[in-house]
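Down below are the structures I want you to see.
Shared chain: chain A. Partners: chain B in the first complex, chain C in the second.
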Partner chain A sequence: MYRYRRYAYAFVLPAVLVIAGTLVYPMGQGVYLSFMRVGIDLATTFVGFANYVEVLRQPLFWGVIGHTAVFAVVSTVLTLAVGLGLALLLNRPDLRFRTFWRVLFLMPWTISHVAAGLGWKWIFDGLYGVANDLLLRIGLIEEPLMWLGTRDLAMACVIVANIWRSYPFVMLLLLAALQTIPQEQYEAAGVDGASGWQRFRFVTLPNIKFAIFVGSALDFIFNVRQFDLIFVMTRGGPRNSTEVLATLVNRQAFEYFDYGQASATAVLMLLMLVAATYVYRRLMQTPVESR
Partner chain B sequence: MARRRSSSNVLNFLVMPVLGLVMLFPIAWMFVVSLKSEAETYRTPLTWIPHEPTFANYVSMWQALEFARYFQNTLIVAGVTTLLAILVAAPAGYAVSRFRFRGRDAFSGFLLASQMFPRVILIVPYFITMRMFGLVNTYTALILIYVAFAVPFCIWMLRGHFASVPVELDEAAMLDGCSPFQVFRRIVLPLILPGVVATAIFAFLVAWNEFLFALVLTTDRKMSVITVGLASLIGEYKTQWNELMAATIVGSIPAMLLYAVLERYLVRGLSSGATKG
Partner chain C sequence: MLRSRLVRSLLALACAAPVAVTAQPVTIQYMDWKLNDSKKIYEFYEQVAKEFTAANPDIKVELVPVQWEQRMQKLITESQGGVPRDVVRVTGTDMAALFPLLRPVDQLLRDIGKYDEVVKPIPARYLADYDTKDGKLYGIPTYISADGLMYNKKLFAAAGLDPNKPPKTWEEFLDYAKKLTKPPNQYGYVLFGAKSGSSARRWMRVFWDAGCEVITRDFKRAAFADKPQCVAAFKREIDFARVAKVTPPGAANADFEFVITGFAQERIAMHMGGANNVDIANGKNPGVGANFALVPMPVTGAALANGDSLVIPAGSKHPQQAAKWLAHLASKDVEVRYALVGRSSPARADALADPRIKADPFLAFHVPADALYSGYSTPKWPKVETVLMDMVQASLLGDETPEAALARGTKEVNAILAAP
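Let's turn to the complex of A and B:
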């Protein structure tokens, strides 16, 4: 194939052009705009770091960082727990109708975030929601709650909906990893008289460590970027309590028409995500390398 | 042995059905609501099984919510996106799997990284550019953006499929006088057709479910895709949730079916990406 190397460029050229024109260039434009003041007529003036200073000085921005962190961290941890639990169950040799269950548990992932958000919004409705109805019937609450209209509850609700929408991804990833574990390792552990927990701790876990790392890192990134679900369920409310970075950028751009500030916030978001991913990689370095 | 038998009974007849019920409940509830009349939707205490189930919402939503229009828009945008994305990604995937060329590793790395950066950084540049070119409220704008999102992961997926075809086949064909383009189009591409179809379906689904960019780039109801059309209804003065739930279910069915068909393939695709370091 060596002789035909120069053909490679002809094969990749269309893709490179598309990616350069529709991803790389606009990204550069986004960074560029973060240093500009953009008028309603789209005329730009260079303002240095003024947009960044303005964004960083707003108390709301720091609140939004906090909401994003809570939303992303809690979602990622609980999604991993649910995904791992279901993957372990689906991998049990004595499970019947395996394909049926796998497809069934995959379903939440197949519907759009918008559809999931609409469904959960109605479930958590204060007057006609089934969440209140159920909890009243079994006596866990005495009065109907305004789920999405109460500050802390609203965050809990969007997290629940988000976990429900995202666990299948982690579940499938871990299930795929579980299926590659050689049966002999369990047999050897059985010969050594390992208990169920010990088999999980010393055979299963080391084998799926890398998948756990990849799955939760990707899930974390998806959670930090999450816009659709929150926008549909709460629009960032009540009183900004579920406002996250993605909804803030959208608000700055299309409610306040401050394209410069919106771009600055988006760039800050990118930097924070890169930093978080880097820290996470460092933290996971040892386990991943010793896998 | 008896203990083992009873623990699998607990698994098969208690644990899995209960968990299945919990996880499917939100979708099941959407379906229940979609079968209710308006009066029953807004009656307390709630009925868990509709007293007078009706499919009326599934008929009325096409007109009343303009759902027919959204469905058509989404189909056009997602369909054209899929076609263009595969057209651009297939040769690139072939090149990455077959040839060593300068910049190949950087290119592959960028493909992965492009799936992870926060896309909101693109909303302002896209909006401004599309407005300058008068492309707000057009299919073209959405198609361009979705192709941009789909091409990197299509290349990534197709690369894996091309790699599964032995290079010796290409070499033999070239000895017989085929040009690299002919080898690609006549020999290797037909061999991985199932992989191409699966990749195409993923591209289709990405476009089908996207919301943020469609929201920003459509201001005219007539050009709304399903996600934007449905989400815009909740701000309305009088939202009929029974009708809205029917529309949400119909809008989700294509994706649900495609994923269910692709399920086996999904596990395999994920495992090749996640288990190899």
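Let's turn to the complex of A and C:
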């Protein structure tokens, strides 16, 4: 028995080492640095909670929390709506050219955040962007809109770009779940005279509830951590209106070279994510148990 | 037994034989965002590296392009990781934060006998402004960023303006900009409103051009609202966007890419920029450069003294070889040739006086010495820069009047500079 246990440890060891090296060590280092004043040459001085106090004292930080919440929640909800809609469409038995549509809808997932950000930045460009050109041509606007140069529009634009980049993941997850629903359940519902909406509400939705929770939880975490897309499109502007936690950490670390404050902000971000994930987990328990 | 003896004898012979030791060439790496500017510039550096290796067969040079926005992050993280490149281009204002990661170059240049040749022709002020700390020289200035008014002659002619008579006063400038504005496809002028280092450089020049400073030279307090003309200069620029509406929409998000693309597409008729923009614009729309002209800015034409510096990171594994490459890059010959290819005015006085530079239409104008300003070499500059661009954006978006933005900015900058 002891020998078998030794084998078990030996088999698990490489994975533990990889996780320790790539996750535990950097995380521990981040927490350590959050209590230090760190020079550009990495010379450190212990400052206790001073970095946390400084971060929490800044009005910008609280504004950034708000932006991050708006970006993450709106993106997650709308990504779920788009992903679910397309998954339902792709799951229709009468859909023609199914493979073509699947490949087409999956395309955004294959594009990097940076490339997607650049593409959307050009689309929303105030001077030569397609969005203004199209809207001017069809007469919906009379003068070009400052998409990325106006506070509210800029946030809407980065959310649209993020949804476009993120929905295929949720779509795939939900499509996989949809395909596991036994056809007999729909047939039984049909026999009972259920309408299309009732079939969706009482057959489809309960069967894919778990996938919805998993997909949206993961998507929410991705959205809170989103950096590259926003950085490329707006660099957090105008006037910090699209500054989120990840771009703030980048600014503190690589524009101000204040690694202590950047680490403190990153630790606070981690704590918020852990709290959000815990809430999600609690919410998930109900559907898991009821499956 | 016999075989064993034979093998041993052969081995002994082999060890005893005189061996011709051939030293392996050392490869050093040169990181520079200019390598991304255009194919022409990359090829120029390839040629310079070939010439250097021909003269120094024991040293090979690997060119490492980097994005402008990532230059600091790359240099810092690579240095902290102990694997920096050997020679790196940084901007003058980057230097203040970088000293702990750099190796003094003065002794290295003396060691290879190139100190006088490299350092003496550079005006002492350029060396003092950014590159010297505690009496040691950490970088070699490599060019003067002399911006001018870049305008599109074709669009001038189409608007009924004389392409050979660019505006000379701000009143004329506004009049021209209005005539050149035909929304939504064409605008007379453009402002750099996005939050970035390259935008901040342009706004520094707005204040300098009015004879003002952004912060005092002892780095103790804000100075951009010290005199009425400073406020007037800031307000004038904002009014181009908000009152005269001669700039394209989205000015608060207009970065260098936006400006240069709009200019290359002939949708923006005038902007303030350096001669190096010509090739970048040409790269986006080949041949369009023939329509451009560059003249001194209206009024004084203030310029940034010493735009960039060449440095050797402290962690370079080949400092002697790096010093030789740095000395080669900073030589008069290479500076002049680069100026003609990259269209940047050289920092060396002897290179600037070269007839080839004076004959170039885009390098022909020279800024008088009293109009030369330096950036602010303090580690707090990135935070000041953030406030500067926030004032610009607040004014452009109409959140605050230019006067109110300057007043708020003054308080914020003073707090930053007063902090330990």
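We adopt the following convention: the second predicted complex is superposed on the first by the 277 of 291 C-alpha atoms of A that agree within 3 Å, B and C clash if a C-alpha of one lies under 4 Å from a C-alpha of the other, contacts with A are read in each partner's own complex, and residues count from 1 in each chain.
In the analysis below, a contact is a pair of C-beta atoms (placed from the backbone, for glycine too) under 8 Å apart; a residue touches a chain by one contact, two chains touch by 3 or more.
Because the structure is predicted, anything quoted here is derived from the model rather than measured.
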| item | value |
| --- | --- |
| Combined model on chain A where chain B meets chain C, clash or fit | clash |
| Partner with the higher number of touched chain A residues, chain C or chain B | B |
| Which superposed partner A:L127 touches (first chain B, second chain C, both, neither) | both |
| Which of chain B and chain C A:F257 touches, first, second, both or neither | second |
| First (chain B), second (chain C), both or neither touched by A:V53 | neither |
| Partner chain(s) touched by A:L283 [first = chain B, second = chain C, both, neither] | neither |
| Touching partner for A:G39 - first (chain B), second (chain C), both, neither | second |
| Partner chain(s) touched by A:P238 [first = chain B, second = chain C, both, neither] | second |
| Touching partner for A:T150 - first (chain B), second (chain C), both, neither | second |
| Selected from 2-10, 20-28, 74-82 or 128-136: the stretch of chain C that, after superposition, runs into chain B | 74-82 |
| Overlap of chain C and chain B interfaces on chain A (superposed complexes) | 42, 125, 127-128, 254 |
| Chain B residues touching chain A - in the complex, by the definition given at the top | 4, 7-8, 11-12, 15-16, 19-20, 23-24, 26-27, 29-30, 33, 41-42, 44-46, 48, 87-89, 91-92, 94-96, 98-101, 104, 107, 110, 114, 116-129, 131-132, 144-145, 147-148, 151-152, 155, 167, 170-171, 174, 180-181, 184, 208-209, 211-212, 215-216, 226-227, 230-231, 234, 241, 244-245, 248, 251-252, 255-256, 258-260, 263-264, 266-268, 270-271, 273-275, 277 |
| Contacting residues of chain A [partner chain C, same complex] | 39-43, 125-128, 132, 136, 143-151, 154, 234-240, 251, 254-257 |
| Complex contact set, residues of chain A against chain B | 1-2, 4-5, 7-12, 14-16, 18-19, 22-23, 26-27, 29-31, 33, 38, 42, 86, 89, 92, 94-96, 99, 101-123, 125, 127-128, 130, 133, 164, 172-173, 175-177, 179-180, 210-211, 214-215, 218, 221, 224-225, 227-228, 231-232, 245-246, 249-250, 253-254, 259, 262-263, 266-267, 269-270, 273, 277, 288, 291 |
| Complex contact set, residues of chain C against chain A | 72-73, 76, 80, 97-98, 100-101, 183-184, 187, 193-196, 248-255, 258, 261-262, 265, 267-268, 379, 382-383, 386, 390, 393-394, 396-397, 399 |
